[in-house]
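Next, two complexes with chain A in common: one pairs it with chain B, the other with chain C.
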Partner chain A sequence: MENLLIALLVLGALGLFLALPGGRAHLARFAPVPLAGAGGVLAAVVLRAALSEPQRAWFAGLALVALAAAVRVVTHRRPVYSALYFVLLILAVTGLLVLLEAKFLAAALVIVYAGAILVTYVFVIMLAQQATAASYDVRAREPFWGCLAGFLLLAIVGMQLLSGGAATAAGPAAVGTVAEVGTRLLTHYAVAVQVGGLLLLAAMVGAIAIARRKPAADGDGGESAA
Partner chain B sequence: MMDPTVARIERLLRNPLVLVTAAAALTAPVVLLAWLLWPWYGGFVQGLLADAFWFPLLFMLFVLVMILNATALCILAERKIAGFTQDRRGPNRVGFWGLLQPLADGLKFLFKEDIIPANVDRALFLLAPCLALVPALIGFAIIPWAGEVRWPWMPADAPAVSTQAASLDVGFLYLLAVGSLGVYGVVLAGYASNNKYSFYGGIRATAQMISYELPMGLALLCLLMTAGSLRPEEIVAQQADSGLWYVFLHPLAFLLLLTSSFAETNRAPFDLAEAEQELVGGFHTEYSSMKFAMFFLAEYAHMITGSALMVALFFGGWHFWGLPGAADTSWVAMLLRLAVFVGKVVLFIGLFMMIRWTIPRFRFDQLMRIAWLGMLPAGVVLLAGTAVLTAFGLERNVWACLALNVAVLAGMLVYVGRSRRPVTGRQPDLPAVSVGAV
Partner chain C sequence: MLIAYLLVGAALFTLGLIGFVTRRNLIIIFLCTEMMFQGIILNLVALGRYPLASAAAGPLDGQVFALFLIAVAAAEAALGLTLVVLLYRYGRSLDAGTLTTLRDP
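After this line comes the complex of A and B, so read on.
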């Protein structure tokens, strides 16, 4: 199993490195080969599991969609498409969360990420788009080190999961309900919630402070006092 | 000079008797055939209708078909109401009272040339109408249309089947999540069209949707604290039990939700994304034929889903005083409840249309000011007040809630009255125009 995991990760890293946009056009042509290989092996593994246990078919499909979308997020040369693949990724992960009975988390993920953050991303991308593609869109900055770091992390996590045995995360179905999540947040994680709220407040004040700085072209910038 | 044959056909179509006869002649053979063959498939149908999995699904299919048909009728209603508002007759040429106008409109959409301009982003251009339509059509899965029903042929110990397709623990959060995806259709249409006007339409739509989701969320949070549940069927059941619709407890929260729904449906007075006078057609300038029709369909489906949500959360859902409640699971009571629900939705749609043809479009800065300086503070204060009421166990007390609403309203009025800014609002860097003696 470990050997399979390592082979998968090496294939994936190689494919992603080749597929990342950069000055290696003659190599990028071969990117689909290792990527398809990794994807194929992965698909074979999860589909074999799905055959023995039909419930897993949903997991297999959603996971493969999520991985493919994730690869496209970092390799697509046009930022709008990257953002849209990110939306697809979010939706696939939402499906995985629903499979885990974490329905509140799923709804929150869609509302916050797909509904708010990525809409803002698309908004900014559309506003900032140049007539010709910007340099940071056509070439990745550190494709090699980026791939290495990412896949090393994946390898560590994967090895831990394999050595620790099959971690059974299947708790009681009541864990994911809104009432349960809310109670947990306000009792067990009360301090963390408060700190998070404070952080967000500080960020908001900072954002307003930056946005209020008016260009001096108008003469008086003191219009802001309501 | 009109061709005599055409004139005769037109005269025929305008006769209601002819229409009724034609409809009867078309449906009678089908009904007869279905009745004759009933012994062969009746048991199967009865089994499907009594099944706890298949019945909600079939009911959902029924509702979907109904919504698609209602969209066509909505267009006729909209044009009739526009005519009424503007003191003219509205469409009355095709069929009796213009009843065949939706058919003519649909045919027109189908037969128009489907143009894909040369310099558009082809993939996104084709994707955008689908992304607009799909979220609009999957939202109503959680609407509890008519409570539960027990068919006469079901065994006595079988559980009643529900007319709600999905009973989710996250309830109307699902609707919020789906609704928040609807903006991608508009944004991508504007972007993919590769056209300045479309682009501005898309940008405006994004800013508007992001802004109006906040007051909508705040209003729904007020309701959540009062009801203590996210499930729409439970919220409806609470209102039916007490006979007190939540709109009586939280009229301001309802107003916030109503206003935000207008913004989310992209209809006047919030239709800046397609403002004809400034942006030609806004985000759908480059769209024609069925692709344009899909945007149209999405707008109306959004309106229907939004109305259904407001009816379920604030107007008691299928509850009406004096009619059978949730305990009565006979199919007659189910149909009655469905009729009440649909009737309320129709009233809401009428309200949507009247407002569309009454209030002129906002300017963009006004739109933003209403959301961020008006509705958002009001929503936050309302939320804080509701939280205090909930802490003291008064959240279902109608007088306490009304007092809170009156206090918030009075506070808003005093603030607006005392502020030096004119209410209509102008760009802050323009000299202020005083309204009366301030």
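After this line comes the complex of A and C, so read on.
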């Protein structure tokens, strides 16, 4: 199992390094090969265990979609497509949350992320994006060291998870319906809900205050005008 | 099953981290932070569904915590994107590498 994890991580790191934009067009053509290899190995592993239980097959499919979308978010050269792949990632994570019986949280995730946050991202992309691909989009910064550090971290975490292992109880089957989560939220965590509302208010006021400010040429951060 | 969910969450977090470090477009950097949030939300809910034997938390605490995480992510996205727009108006570029005013000379 550990060897398999290492092989998966090496394949994934190689594929991600090749796929990151870095001005290596002759190498980037080969990026799908290790990525598809990693995805195939992952699919084979999970499907072998999945044939007994349909829930595991759903988990395997959704996890593969989520990881593939995540790779495309990181590696795509055009921010609009990154945002759209992020929507796909959100939908896959939502499916995983439904598998985990977190129904209200799944709905909230779709509404808040795919509905609100992503629309804001698309607005900002439309405001700030040039028509042609900018130089900072076609060339990543130190993709080799970034991939190495990230996948080393993932290897350490994965080895710890696989070796430390499975000291889990099945637990009560808590279904996260609106009534259950809402009761817990408004009784046990009522103060935290207030603090969360205060945080959102502060963020809104701060965003308006920042957005009204005109860029000051002398850099003293001038008062809001207009 | 818990281990599989935790591994997927860790992989999402790591991919977001790699994107955060390597990409230079400010918008994609913020998208990568949101991707790290997704990994953490998945971890929280999975640990709430399959609790550790020694866990003291209630059965729904993972989901409630994830809801607060969504609220914090929304606040962070609003403020961060406002700053991105302001920086774009200031420098006409979304390149994180050009923002060197605060750097040591």
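Heads up, the rule we're going with is that the second predicted complex is superposed on the first by the 184 of 226 C-alpha atoms of A that agree within 3 Å, B and C clash if a C-alpha of one lies under 4 Å from a C-alpha of the other, contacts with A are read in each partner's own complex, and residues count from 1 in each chain.
In this section, contacts are C-beta pairs under 8 Å (C-beta built on N, C-alpha and C of every residue); 3 or more make two chains touch, one makes a residue touch a chain.
Remember, predicted model here, so these are calculated numbers, not experimental data.
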Combined model on chain A where chain B meets chain C, clash or fit: fit
Per-residue contact with chain A, leading partner among chain C and chain B: C
Contacts of A:70 with chain B and chain C, given as first, second, both or neither: second
Which of chain B and chain C A:59 touches, first, second, both or neither: second
Which of chain B and chain C A:127 touches, first, second, both or neither: both
Contacts of A:199 with chain B and chain C, given as first, second, both or neither: second
First (chain B), second (chain C), both or neither touched by A:114: first
Partner chain(s) touched by A:97 [first = chain B, second = chain C, both, neither]: second
Superposition-derived minimum Cα distance between chain C and chain B (Å): 12
Intersection of chain A interface sets (partners chain B, chain C): 104, 108, 116, 120, 127, 176
Chain A-facing residues of chain C, complex: 1-8, 10-12, 14-19, 21-25, 27-28, 30-32, 34-35, 38, 41-42, 45-46, 48-54, 58-61, 63-64, 66-68, 70-79, 81-86, 88-90, 93-97, 101
Chain A residues within the chain C interface of the complex: 16, 20, 46, 56, 59, 63, 66-67, 70-71, 73-74, 79, 82-83, 86, 89-90, 93, 96-97, 100-102, 104-105, 108-109, 112-113, 116-117, 120-121, 124-125, 127-129, 134-137, 139-143, 146-147, 149-151, 153-154, 157-158, 161-162, 165-172, 174, 176, 180-181, 184-185, 188-189, 192, 196, 199-200, 202-204, 206-207, 210-211, 213, 215, 219
Touching residues on chain A, where the partner in the complex is chain B: 80, 84, 87, 103-104, 106-108, 110-111, 114-116, 119-120, 122-123, 126-127, 176-178, 218, 223, 226
Complex contact set, residues of chain B against chain A: 124, 168-170, 173-174, 176-181, 183-184, 187-188, 190-191, 199, 202-203, 206-207, 209-210, 213, 230, 419, 421, 428-429
